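All chains are identified by letter, namely A, B and C, in their written order; residue positions are counted from 1 within each chain.
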Amino acid sequence: MPDSNTNKRSATQLIQDYLPQIVLVPTVVAMLMYVVIFSLWTLWLSVSNSTLLPDPSFAGFGEYVALWKSKRWTVAYQNLFLFGSLYVLGALVIGTLLAILIDQRVRFEAVWRTVFLYPLAISFIVTGTVWRWIFHPQTGVELALHDMGWISAQFGWITDRDLALYVVVITGIWHASGFAMALILAGLRAVDGDTVKAAQIDGASMARTYRRVILPSIWPIFLAVAVVLLQFAIKTYDLVVALTQGGPGVATTVPAIVVYDLMFQRGQIAQGSAAAVMILVALAIVLIPYAIYMSYRRRGEESTHG
Amino acid sequence: MAEADTLIEFDPLSTGSRRRRITTKAIVYGLLVLFSIYYLAPLAILLMNSMRPLDEIVRSGFIDIPGSVSLQYWAEAWGTFCIAGTCEGVSRFFMNSLLMAVPATIISTVLGLINGYALSKWRFKGADFLFGLITLGVFLPAQMTLLPWAFILGSIGLSNTISGLVLVHTIQGLSFTTLFCRNYFLAVPDDLIKAARIDGAGFWRIFRRIILPLSPPIVIVTVIWQFTGIWNEFLFGTVFTSGANQPITSALVAFSGSGTGVRAYNVEAAAVIMAALPPLIIYVVGGKYFVRGLTQGAVK
Amino acid sequence: MKTKIALNTCKATMLASAFGLAVSTAQAEPKTNMLHQWAQGSEAAAIAKLGEMFEERGGKWAQTAISGHTSNTLAKLRSDVVSGNAPAAVQLKGPEIAEWNETGRTANLDDVAAAQGWDAVVAPELTTVMKPTGKWVAAPMNIHRVNWLYSSKKILDELGIEVPKTWADFNAACEKVIAAGKICIAHGAADWSDTTTFDSVVYGMDIDLYRKAFQEADTDAMRGQSMIDAFAQLRKMVGYMDDGINGRSWEQSMAMTMDAEAAFFLMGDWTVASANAAGYKEDVDYVCTQTPVDWGGDGFILNADSVVFFEQKDQDYIDGQKLLAETIMSPEFQVTFNVAKGSIPSRTDIDLSKGGFTQCQQKGLADLKASVDEGTLVRSLAHNMTVLQKFRGAMMEVITEYVADSSISPEEAANQLADAVEVQQ
């Protein structure tokens, strides 16, 4: 019968038309649960009476107040921005430098690339542990220098309240700059040869060419690297625990440590959730401008391309 | 896309006078060597200390020329050291990690490919929003997702199982894999797809005939990224398993937990290297493809 | 008649044996899975011993040892409870026993306790912790003494110093040691070790202050002059330490003292286990005494590890819990475990002159009994035996920051301490 055939065809046709969306459904459902529901759950817990175990009864915003009154939290939150920016910038700068060096048609490129990239394969815990051995005055560089005869050498940054955070930054950069290098190198290779030739004909030096022509043209890559590095920075936990345990005192504590400690060590799930929400807020502070900017750009592109 | 002649045309080292060329070359290689020391130092230290006797390490620190060298600590780390109730070294934890990381990597990569393809090549309303939602998953700190996951795994009866852990890692990895794949497939010319659709090819046909053949570079990037991330993960691996099911990261942390014993730095170093070998090998072998996959526009 | 009786007896015997057989085949197999944080070293070996004893008594043993910080074990515990799989046995201590008991998920051990007579043999200060609402909820594994002072015999003899009895003596001794060019106090800075030292300082200077501030979290007491004096003493002591306290482990500090690089080391009795394992000898390398007290007498700051049981549905696990509780409190386990750990048994009826206990451990038991008699027994803040974790954590933050930052004055520190507690109330 023509009617049922049409119906059957339109059903299959419907599925065919919406196949992309249908295929995405499992992921979207999973993400709705993982991103949206988990975040809402955390938000709810932060205003609840939860202590040892989750407790859904409402308790107001007292935990946020208590959180911000604690010195450890304010230090941790500051460290998040300080460490985050130094880490991302540092990895980008060093990654760019390394990429430019390798881009100079050097020999043994595979060797250099492997050397700079391999740290990404090492877990944060191991990274922190080994660098702690190196940085600690009694087991690492300072000791080695003393043994070699340079008795007055001092390299105790990791035990210095004001300098310990930079130790974390240096270690973090060691870990992730290879990733930045890999992407930037890829970008350098993809640069349009003609633009570069034009600059060379105009008599620009190598440094100038890089600065004025090449690097600006690959800025989307910098942005993309920054995003990936940023999420490393925000989630930083194992690195600091293995490297300094948040010390000396609370000098190198980061928010993820506070969240974990509050939720599980101290049985203050509500306050821990409040801290987690504050991490998400810090994230929003960075991401929302980025998202707005990206949609501006896309709208701009679409209008120019008609 | 990469221009093959860029490399030949623009060789900064061949601009300028011969003397300048040599100095520039010297600076470049010099810098590379200097940086290499910074990057290789930890690995060298680990390797060295995995073969030195313990009293030597305690006496003269970690940065020192080894007095005597032995491979026994490697054997001990693999097969006999007592960790967490068993005295079989890290071998069984190594296997546990494999059992967990391999399936999760495969599943999240496959799903990432399909998702990335759907989001980049089939423009529908809300595609960008969905992509944004999926990407947000990349940023969630693990500590706040621990309890919700515990609840969910308990409700579906998968707590304290490797499958439960695979599920958690797969879903958390979906964000990354989709991010990478979608950006990569954006670079595939839309005309190719349009032409195929005009020829009557559907969603899956295009996937099989056009997308898959183009995807090896991004598959490698995704596999490397996922495997490394899952293999090196500590928190979920430790909390969502029990007894002898723990992953190797758990075993490594056991080395540093003090208690009333002397910390066996040498066995620890050997164990650390062994634990790091799978991702390391993948990076060393796959590094070329990693860069190539990224060259071809993996991240925009 | 006789035949009938014989027949009946015969039938009865057969019935009885048949019944007996049926009962024995229906016997459950007690099993357990113990969650704890002792993943390595001699503590792990001691738990392995527990497993062996458990199996000897007919149980099926399994354990989950979580490495790293205690928070990892607690994270797993919470995750297991939230997912509906509360563990059969968990290593928990102090006020957390009461907290978990309030959730209503803990198992009741009263029958086992009654049958084994625990009330009679467990130290009184401990029973209040193990029975937060009057019912036995946890089985204590040991008693640690926190306020030990380990002195380097070599340095004492060399400089002709006696083991200091009061804090004034201690400061004087340190001046002498420093004048002779050695380090006075070996220390590794961490929140718990800084607080362990401060525990002893406050306790030794003013035992009432300790009770009010550290056991009851009384913020007025924290702001008082006594606390300010205690912080001042702590600042002096940090001055007697060397520059390398950040990142040093407690074992390294112990080694420094026993190798005569430093004169004194303040730490709990687990030091003894470590020292023996490393080959150091009492009265040759080190001398153990209580930390200085200004009020003359025997002091004891108590820390105890214990096992809490969560309600189970599976009868095998329930039986396993009873069996495990019995095993833990059995004299054989108490001896083996405590010799290995450096602590003393939680049962007061065990003879410490047998079984391999060191002199320091025997001294510890004697001091415990004396302290109970004198009414000076307290529980440790640093080792999570007094106030809730939220207060303890906040207090330890203040104390460790004070040690790390010499610009904080004693008055500021005392007020910070009180503020930190009030914020969490």
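As a working rule, contacts are C-beta pairs under 8 Å (C-beta built on N, C-alpha and C of every residue); 3 or more make two chains touch, one makes a residue touch a chain.
Quick caveat: nothing in here was measured; it's all calculated off a predicted structure.
Taken as a graph of touching chains, this assembly is complete, with every chain in contact with every other. Put simply, the chain farthest from chain B by mean CA position is C. Averaged C-alpha coordinates put the centre of chain A at 15 Å from the centre of chain B.
Note on chain placement: the centre of chain B and the centre of chain C lie 41 Å apart, centres being C-alpha means. Within chain C, the positions touching two or more other chains are listed as 72, 75, 78, 82. Shared interface positions of chain B, defined as residues touching 2 or more other chains, are 146-147, 234-235, 253, 256.
Among the residues of chain A, those in touch with two or more other chains are 54, 138, 260, 263. Chain C makes touch with chain B in their complex at residues 33, 35, 37-45, 47-48, 51, 62-68, 72, 75-76, 78-80, 82-85, 249-251, 270, 273-274, 277-278, 341-342. Considering their complex, residues 1-3, 5-7, 9-13, 15-16, 24-25, 28-29, 31-32, 35-36, 38-43, 45-46, 60-64, 111, 114-115, 118-119, 122, 124, 130, 132-134, 136-148, 152, 171-172, 174-175, 178, 183, 202-204, 228, 231-235, 249, 252-253, 256, 272, 275-276, 279-280, 282-284, 287-288, 290-292, 294-295, 297-300 of chain B touch chain A. Every residue of chain A that touches chain B in the complex is listed here, in rising order: 16, 19-21, 23-24, 26-28, 30-39, 41-42, 54, 94, 97-98, 101-102, 104-106, 110, 112-127, 129-131, 133-134, 138-141, 143-144, 147, 174, 178, 182-183, 185-186, 189-193, 196-197, 200, 205-206, 209, 220-221, 224-225, 228, 230-231, 234-235, 237-238, 242, 255-256, 259-260, 263, 269, 272-273, 276, 279, 283, 287, 291. Partner chain C is touched in their complex by these residues of chain B: 82-85, 146-147, 149-151, 153-155, 159-160, 234-235, 238-240, 242-243, 246, 250-251, 253-263. By the touch criterion stated above, chain C contacts chain A in their complex at residues 69-72, 74-75, 78, 81-82, 96, 99-100, 102-103, 189-190, 243-248, 252, 388-390, 392-394, 397-398, 400-401, 403-405, 416, 419-420, 423-424.
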